[in-house]
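Note that the chains are named A, B, C, D and E in the order they appear, and that numbering of residues resets to 1 at the start of each chain.
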Amino acid sequence: MNIVVFTKRVAAAQEEELKIVRDGEDLDISKLPFKVNDWDNYAVEEAVKTVEKFGGQVTAISLGDKESDEVLRRSIAMGAKEGLLIRKDDPIFDPAVRANVAFNFIKKHNIVFDAIFTGVQAEDDQFGVFGGYLAALLKIPFASMVIGIDEWKTDHVVVKRELEGGMSERVRIGIPCVLSIQTGINEPRYVSIMGIRKASQVERKVFDGSEYMENIRSSIELLRWSYPPKKEGAKLLSADIDSACRELLEILKEKGVYQ
Amino acid sequence: MEFTNTTKVFTCIQCGKCTGGCPESGRTPLNVRLIVRKNQFGAQVKNSHLWYCTSCGTCTVRCPRDVKPSEVIFDMRSTLVESGDISTSIQKALENTFLQKNPWGRARSKRAEWAEKSGVAIKHISDTLEKRLLLSCCVHAYDPRCHVIPVNISKLLTYSGIEFGILGEEECCCGNEIRRIGEKGLFEELREENISNFNRYDVREILTLSPHCMNTLKKEYNLPKLKVYHYTQLLWDMIREGVVKIGKDYKKRVAYHDPCFLGKQNGIFEEPRYILKSIEGLELLEFSRSRENSLCCEGGGGRMFYEVEVQYERNAKIRVEEAYELGVQTIVVSCPFCLMTLEEQAVEKGIEVKDISEILVEVLE
Amino acid sequence: MSYGLIVADVRKGTFDERNLDLIGFCNILEVDAYILLPKGDYDVDLSYFKRVIRLNMEEADFLNPLNIGAIVEKTIEKFGRPSIIIFSSSSSGMEMASYLAGYFNVPIITDINGLSKEEKVFFKSCYSEKVYAHLRLKNEGFSVLTIRSGSFKQHANKKCEVTETEEMDPPTLSEKRSFLGYVEEEKQEIDITKANFLISIGRGVGKKEEIAGYEELATLLKATLSASRPVIDKQWLPKERQVGTSGKTVKPKVYLAMGISGAFQHIAGMKDSECIIAVNKDPEAPIFQYAHYGIIGDMHKVRDKLKELLKGL
Amino acid sequence: MKTGIFICHCGHNIKHTVDVKELSEYFKEIPNVYVATDYAFVCSEPGQEIIKESIEKFELDRVIIASCTPSLHGELFKDLLKKSGLNPFLLRRVSIREHCSWTGDDLKKNTEKAKKLILAGLFSVVHNLPFEEKVVEVDKSALVIGGGISGLSAACFLSKMGIRVYLIEKEKELGGHVKRLNNVWPYEKTGKEIVESLVSELVKADNVQIYTGARLELLEGYFGNYNVKITADGEREMNFKVGGVIVATGFEPFDPYLKPELGYGRDRRIVTTLEIEEKLNEVVLPEKPRVAILHCVGSRDETLGKSYCSRICCINALKVARMIKEGYENAYIECFYMDVRAHPKGGEEFYEETQVKGVFFTRGNVAEVVPLSRCVLIRGEDTLLGEVFEKEFDLVVLSIGMSSQSENKRLSQLLKVSLDKDGFFMEAHIKLRPFDTAVKGIFIAGCCSGPKDVEESINHGKASALKLFGMLNKGYAYVEPFVADVTEKRCSGCRMCESVCVANAIKYDARKRVVKVEEAQCMGCGLCNATCPSSAVTLLGYSDMILMDEISGLLARL
Amino acid sequence: MEKGFEIKDDVNIVGFTCSYCAFKASEMAGSLRLKYPEGVKVIQVPCSSRVDPAFVIKAIFEGADGVFVAGCHPGDCHFIKGNYFTRRRIYALKEMFEAFSMKGRLKLFWISAAEARKFVEKVTEMYNHLKEGKK
């Protein structure tokens, strides 16, 4: 069972105030700490768990600048056999481009796999496209929002997909395939600093990203950045309990948690 | 999980002094002596038992054979950390500390937010002459309730003309708790980052606000030339030398709670009491378990990030109840962990929990 | 004239309200809305659409992303090329959209929550709602878009005079993925980290006897009950219901905090919830700094009022 | 020079990893080696015979015995040389067992090493000189430091044997700690009675001088001739001369304040075994008192730097338990112990009897003692049950151990006798010479060398006295000939050697402007030799030439 | 010998051991059959303070790769403070050794009569260190 996992290094912005600079043209993320994309972390864990159960090996691939080596080391520390870096120093925003680069890479190096795992989405751009796009390019089946792998056979897997409203469905997918992994599918193991240091001793291969960019052009133009409308503090509902409760029920309906 | 043992465990004579004094043993499944015993043979220990330890250090301070049982526990935790087999809340705290240099995962850029509340100009350490660094704990930096401590201390220092500086967003978790959680690699990284900061700004002395930071800086950083002290020591010096003058009385019945890392682990019992005794009208009462026998508040050793399996009466609650019986109106603490844990319980009993600096600020001339 | 092709967001025989956002989106862009629908009796007002294409296929096959490419190919064959193909940003919508975009190797923008019509610019949020990216499509052919629910539904207000309904046979279906069935959620142990809607109670609850009332409220609202540490410490609720740094970190859609003042450790465990509603007597309680909505008042009274309203409904 | 080399097989001990034949063959070839031979056991009668014969036959003037380490069979071979008419200082022992055959397994390498070791002996023995052992007269008097039970016992013995005794005691009264004991186990006598009988004996004797409130200020000289300066009663200064010294400074009870968690000093219901023994009748207890007795307070505690067992406190604890039980029949008494070490004869039986009398024993080192208004709460673990307990008592007795006398530090400097890590005086050898110190003529008695019970202390005192008596009674003493020697011609009178000499053996002769060595005082460390810039001082037996040539031998290229 | 960079199998270490402690420890090491390299050879001196720097230098000149002086633990000297003199003297000598880039070739150990294992540990460590250095 060979599983390829795509893992991305992203800025950890959750706690930070993001600064838009140069009249909206740029985001200043230089001061932010970076980490592995949360979803990818689950994907790596699921891949490692899978090979621990069924044998085989995990290959982690990252598409990004040279610092992305960090997420490869982390993947290796978690149990991946090898790490490959498709080095591209300027960030690629368009997910279609990312998927095409990955596709070219896989084709060019004739990478053999039974499954490709990706996170459902990346924390930074939040496109949620890469896995499906890549699967379609590779002309292999795909499932997204995977929150459980129930069965793993030589020619197919049965996965559980998360749907809205607490529902989930079970689908059967032929191998090879692409699965986009949803958070919560497992509990990713802790990777200690010592573990990462040890993993650094495993060689990570680096490939020049521009070699896989021929004839790929982005059709999405990123014009500018803006802040969302300012969020106020708590909006106070009516002082009168009765109407406040009615308003509250309305909010619950609007949020879709209560019909 | 099987654990390898550290050399000193073989000299354990199983006297039980560790277990008997442990604030958790007897009420939780933790039995320190038994863990050491099992460790001697590399026998199985239930992983969860290791996480009851609050790292109060009582066992290590008292062990007649100097086995350092708490270190044995940290070593065993470290095995768990290396294997990745730890609870998600601990994991989160460690990952956060790696990422943002504080276990809450709050933005590093907001580390010095408290400074804005102080109303006095606070300099960066590089702009000071005396290179006296005021080091806040991650709790002070991010818990709005605890902001008051660095705020008070910086006010007191500024009004008294004592120069100090802070590191601002360069400040980084000291790693005391991280080491006790068992993440040795991360502790080393934090230590290195801190030491390089101290060197970069030629820091000569460090005024710590948390006994936990003080402890690790003093004992685990190996910086013999650096003077490290707790703010209660400085405050008492300031009062004794008349740099600050107490002008008002504080007519309350007060009990001082000795933090483990300040008291039993570092022997600072008197300064906070001297400060309180120098306040007119204040009646200082003592808990039955005080000083070396002080009851741990259960805030340390990773317990802030880990919820134990069993439910039992919290030490903080026992503490507050004794205070209630004694007729104590204010429990005074000098550690942010104690402040958080005790206050949580004290609110219901109508007892205030205050940092010693809060009282001092109230009674100044 | 080119049109916008809506791939209907359907599930278990219902036509989701989210489709309204897709219609509104077409209306703003002033393109004709075509919709693709599978077999089934959906409760839908067809007059929103210029053309309704009924596919003679099961809903489950319709939602299989492996089929969508061939379906769209067939549609183009029959009705010409759309300018955009739109999905809702739902679990299946996203799945189909990304696969479809790859199928044709065309650009895709997901989770659009706003636009500027003049500039032909779409907005999408990045970095968990911290910023919006303004994106423009440069391609000549069609593109795939997914729309965030709630963003445009108010624009679904235009009816078409004529709605053409076409039946269409499905393409050859893919055998590489098949739907096995919905997972019946067995009554499992409560996992508050997975709940969508949490009602969380704090010290303000006061007495153990009051807990039952909140359990009842949670049942009525189909919510999950959680608590802050003081309640857990008193053993009024089991430990696995604790929210906070020493308990569990939760991110529900709605977090209704009742009688929780907002200690730092608690806040750290829930601040990432999508919508936080706080009920507290004390207007100074720190929780209000983090809440989106607040009710200043007695938690028990709010509870009882809600129960009354719910039962009355 | 005619040298004989005798190589011992030591049965298999040396032979199995050193090629002894090759050794003897090798050394036969060396010039001036008249005989080189190997034999199964050189120390056996036939082995000795071979040496004796060789000395006579070849008129050897240097002998090398390569065998076990020199500290073994030292006198044996010296006597052999004397018997063979050769000065014993012309013998050189080479250790090829402890330092060669036993430390490596490779026969070839060991043989090479042994060659070098013997070669070193061969090179250096050339410089050995035929010394005469020196004889000095001794003063038949003794200084006994400490008037406790062992000091008193030693003094009594010496006085009876006709030795003049100077007994000094730092307190105002004689008797030490024993005097305070109500009941000395197993004699069933009070301490006061025991002490008084000894004191009255001493007071009656006409050869005993007792100084109380006294302190030793100076001790100079060597065995047989020590000059003593003391101050008595705080000011009076006295000087006298003694032949030997018995140190019997005893112990100090452990200071329970050093274990703050046990609450001593915070409540009058927390007392030590010593206190309770002295004033049990003053303690007010309820009719059915609940009493906890805590063992090992201040013993077996590395964190306090007291890793030793105080030996007496278990019996003390049992004794106190029995005393209370006698006073209060209904008392509930519980002893908390780590291990019960009822050392002395009859101790185990005493322990058993105590158990029979209804005293409970719980294995667990008490962690905390918390005085409350209604009771004293103790907290600990019953380690046999693995359960943590909290129990209430009316009285907590701390069975405190022994600490070394704080005065020992100063005395060790004066006497030049080392202390061990716990501050007790060090024996010359724990098993072979337990009453001797490394300094000739200074003996130790009682608890000053480590915890002992009353019986042991008395015996120890007597034994030390006996050993000292044996030495004094001869009337003379040999002095080690390995002392420093000054070559006056080379001495520039810089006095550096004088400044480093710890034994004050080097005196400056202002007239001649050279230094000279008081042979009797010289301890033979050789520091002066290493210090002298003009090589004027030589430590006989370890001269520069001897050591230099030994180095050459070890590094010789074969 | 030749040349500094030549690989050499045997390393010669001469140790000066105080007869009250380290020499006794070495005797006991033998009695306990503890093994250490043959290259280590000891000379008995009455006190570590007897060691004249000239001895050390002579040993080095005559081909010793390393020299150690082993005395009683500070405070435990039979001659009260002989080993304090040793300490000062050897420290001074060490500085000289460092100046000649011979750091590591002179060691001072504190080994009590009871520390046979420590004796073996220390000499073996020194031996291995010097042997490494040779390569």
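Everything below uses one rule, namely that contacts are C-beta pairs under 8 Å (C-beta built on N, C-alpha and C of every residue); 3 or more make two chains touch, one makes a residue touch a chain.
Worth saying up front: this structure is predicted, and the values here are computed from it rather than measured.
Asks: With chain D excluded and the rest untouched, write the groups of chains still joined, or say one piece.
Replies: A, B, C | E
Asks: Could you run down the chains that neighbour chain D and chain E together?
Replies: Output, common partners of chain D and chain E: nil, no chain qualifies.
Asks: Per the definition at the top, count C-beta pairs in contact and tell me whether A-B or A-C has more.
Replies: Counting C-beta pairs in contact for A-B and A-C gives the edge to A-C.
Asks: Please indicate the chain closest to the centre of the assembly, with centres calculated from CA atoms only.
Replies: Of all chains shown, the one whose C-alpha centroid lies nearest the global centroid is B.
Asks: Could you put a whole-Å number on the gap between the CA centroids of chain C and chain D?
Replies: Chain centres of chain C and chain D, defined by C-alpha means, are spaced 86 Å apart.
Asks: Please tell me the distance, in whole Å, between the geometric centres of chain B and chain D computed from their C-alpha atoms.
Replies: The computed centroid separation for chain B versus chain D comes out at 47 Å.
Asks: Mind checking the centre-to-centre distance between chain A and chain D? Centres are C-alpha means, answer in whole Å.
Replies: 74
Asks: Can you work out the whole-Å distance between the CA centroids of chain C and chain E?
Replies: 78
Asks: Among all residues of chain B, which ones touch two or more of the remaining chains?
Replies: 88, 105
Asks: Considering chain C alone, which of its residues make contact with at least two other chains?
Replies: none
Asks: Would you pick out the residues of chain E that each touch at least 2 other chains?
Replies: As it turns out, chain E has no residue touching two or more other chains.
Asks: How do the chains pair up in terms of touching? List each pair.
Replies: A-B, A-C, B-C, B-D, D-E
Asks: Per the contact definition, I'd like the list of chain B residues that touch chain C in the complex.
Replies: That would be residues 88-89, 92-93, 104-105, 142-146, 303-307, 309, 311, 314, 317, 340, 344-345, 347-348 of chain B.
Asks: Write out the stretch or stretches of chain A touching chain C in their complex.
Replies: 11, 13-14, 16-18, 20, 24, 27, 94-96, 99-100, 123-137, 140-145, 158, 160-174, 177, 184, 218-228, 231, 233-237, 239, 241-242, 244-246, 248-249, 251-252, 254-258
Asks: How about chain E: which of its residues touch chain D in the complex?
Replies: Those residues of chain E that touch chain D are 12, 14, 20, 24, 26-27, 29-31, 33-38, 41-47, 49-52, 54-55, 58-59, 62-64, 75-82, 85, 89.
Asks: Quick check on the complex: what are the chain D residues that touch chain B?
Replies: Within the complex, chain D contacts chain B at residues 260-261, 263, 296, 300-304, 338-339, 363-368, 370-372, 377, 379-383, 386-389.
Asks: Sort out for me which residues of chain A touch chain B in the complex.
Replies: Against chain B, chain A makes touches at 12, 14-17, 31, 33, 35, 78, 187-197.
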